[in-house]
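The following pair of complexes shares a single chain, chain A, combined with chain B in the former and chain C in the latter.
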Partner chain A sequence: MNKYILNIVYGLGALIVISALAFKIFQPIQVLPRMQLAPAFLLVDQDNRPLTSEDLRGQFVIYSFTYTNCPAPCYNINDTVKEIQSRLGEVELNNIPVTFVTLSIDPERDTAEVLNAYAQTLGADTTRWKFATTTNQTLLKTVIGVGLETYYEKKEDGSFAFDPAFVLVDGLGIVRAEYRYATEVSNTDRILRHLGVLADEVKNSTGTNKLAYEAAHLFLCYAP
Partner chain B sequence: MKTKFILAIAIFILAAAGAFYFLRPHTFHGTVIQSPDPSHDFKLTGVNGDVSLSDYRGKLVLIYFGYTFCPDICPATLANVAQALRDMGDEKASEIQTIMISLDPERDTPEKLAAYVTHFHPTFIGITGSQDDLITITTLYGIFFQKKEGSSATDYLIDHTATLMVIDREGYLKLVFPFGVTSKEIAEDLEYMLRQ
Partner chain C sequence: MTTQKMHIDPYERNWMIFSAIMLVLFATAVSVAAFGMGIQVPAPEQRVDPRTVATDPNSPWSNPGLREIATGKYDAYVLARAIPNWEYLPKEMTVPAGSSVSFYVTSSDVQHGFKIQDTNANFMVIPGQVSKLTIKFDKPGTYNFICTEYCGSGHGVMYGAIIVTP
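Then we have the complex of A and B:
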């Protein structure tokens, strides 16, 4: 009888190891890592109205960074935003809104009026694509440089050296993905795919499914 | 022989179900953060002098941003944390440090803060700092706050993000609880983290 019990214990052990390996290898559920808390802020948008991090709760937010005097094509940042916006219909978002926030790193020149004119030039729908900044340089550096971990620095000639990154934040205010242009030819497909992965998680990770989603996080089953 | 085989399979399935139930990974009530970097350190002032997050390396640290004039959300959250610690017992509670960071340095002196937080639990500490320091810290911890009018000039209120955060023993932000988390849920997650 002891032999049977021993066999069952060995069998269970093997089952657990095989299940864990299979979960890791086949990744039946993919997620995005919960990297860190996105920074909180009170900025001013293109309509000279306050834009706060709390206003963006419950939405997926894609942050990008630029300044209006950046010589065209300025890393194609705006073209990428436009392409993602035009292709959002390809992704099942389960009615979760997606907002784009382009933060200006040049608040001295990029006043609300300038940002408004810039948005109009781009043909941006400012209900879904916000442009914002703050004249509080310390706060701006804390939000962009530290909170969103995106490098920028003013050069002597008034232009800026900066990382033309995109940062994806979920509805809970958690950074879920970063896209660095320097290493990516085009991030559009990847960002769209990731929006779908996030929307799936919001929809499905409730009740008993929550355990499976937490296992996906535990086993680092990250969407490529 | 066939009966024995069926019996063995049945026992195996039952054992597998039992093993899954008892060995399943803990499902956190809070949202788990997998930050590759330690949480941002800070130095603020309490009734016994300066307090840094790094002073408590080796303990679990619960951080809550609030203020003593907070009418409902702050006392409800602090009361739940206190109840969770009491439910866990003194030995486990001694491995946990709860810090309330006041967003209202104008009115919350260190002495007033100390009296307020220890009313909930004797181990709680309350700290605050300059407005600039608070803006930097809250920005990095994802806490939005803003004054709003109260019934008189000095009776203002402060709207703020009401999350409760848990920093692990190594100084990494591990968990974020939303407002409304119960004392039982807090205790279950903290007990699991203490076992790790």
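Then we have the complex of A and C:
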């Protein structure tokens, strides 16, 4: 009798190991990594109103960085934002809004008025595409450099060297993806796909399924 | 049903027990390192096009080197290449002690390695992939980095250094 029990115990052990391997190899659930907490901030938006990190909870936020004097095409940052906005219908977002926040790295010249004019030139709907900055240079450097891990530095001639990155933050304020290289033409497709993955997780990660999603995080089943 | 006791030589049995204990110890060590001490595995960060990564002016590797993203926090864009003469760009980087440096390493030709001596940074550099790892340098000194994947006849001269100033 002992032998049967022992076989069952071994069988169960093997089953657990095999299913864990299968879960990792076939990746039935894919997620985005939880990279770090997004920074908390109080900035000023294009309408001269305060914009805080708390205002942006409960929605997907895509941060981008630029300055209004950046010579065109300026890494195609704004074109990418426009393309993503126009193609949002292609992904199942379950009514979770997607907000774009463009942070200006040049607060000396980019006042609220300048940003407002810039938004109008771009034809941006400022409820879903906000422009913000702060004259507190230390805060700006902390938010962008430490919080969103993006490089920018003023050059001698008044222009800026910076990483034309996109940073995707989820509704809980956790950084879920960074798209660092504007040279990648596939950025738009990748961001749209990732928004779908995030929305799926929000929708399905409840009850028992939550454990499966946590397992996907544990086994690093990250969406490409 | 009768159970028959299998005869195992004590010497063999001891070694079996020993190897089982080793397995458990290793599994525990890996789990503690991953979850308790937060040791990161260098994962591929993003894909890039190896044909243009070093020449495209919009690519950070067209101008590789250190960038200070905040006080004491650096990004290091490092390009490993076998053409023309097996080298890392940049060959030398200087940071003050206590800095945390995120290395973004990619290759413009073949597969290379990137190991920083006296740290736990050691990863593959694959063309088309960006490998990222963050290291905090607390002790001043010179940390050499070398290529650990055989990449051609100049493999042995492929090295560089991170100089940590007090």
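Please note the rule applied: the second predicted complex is superposed on the first by the 222 of 224 C-alpha atoms of A that agree within 3 Å, B and C clash if a C-alpha of one lies under 4 Å from a C-alpha of the other, contacts with A are read in each partner's own complex, and residues count from 1 in each chain.
Definition applied: a residue touches a chain if its C-beta (ideal position, glycine included) is under 8 Å from a C-beta of that chain, and two chains touch if they have at least 3 such contacts.
Fair warning: this is a prediction, and the values are worked out from it, not measured in the lab.
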Let me test your reading of the model: by the given contact rule, A:127 touches which partner, first (chain B), second (chain C), both or neither?
neither
After lining up the shared chain so the two structures overlap, which partner does A:35 touch, if you call chain B first and chain C second: first, second, both or neither?
first
When both partners are placed on the shared chain, which of chain B and chain C touches more of chain A:
B
Per the contact definition in the header, classify A:153: touching chain B only (first), chain C only (second), both, or neither.
second
Give one of first, second, both or neither to describe whether A:95 is in contact with chain B, with chain C, with both, or with none.
neither
If we overlay the two complexes on their shared chain A, which of chain B and chain C does A:142 touch? Say first, second, both or neither.
both
Dual-contact residues of chain A, meaning touching chain B and chain C, are 142, 146
Of all residues in chain C, which touch chain A in the complex?
1, 3, 43, 45-49, 52-53, 56, 58-60, 67-70, 73, 75, 102, 104
What does chain A use to touch chain B in their complex?
4, 8, 11-12, 15-16, 33-42, 52-54, 138-139, 142-143, 146-147, 172-174, 210-211, 214-215, 217-218
Parts of chain B lying in touch with chain A, wherever the complex brings them together:
8, 11-12, 15-16, 19, 23-25, 27-28, 31-37, 40, 132, 135-136, 138-146, 161, 173, 176
Chain A residues touching chain C in their complex are 1-3, 75, 141-142, 144-146, 149-151, 153, 161, 163-164, 179-184, 186, 220, 222
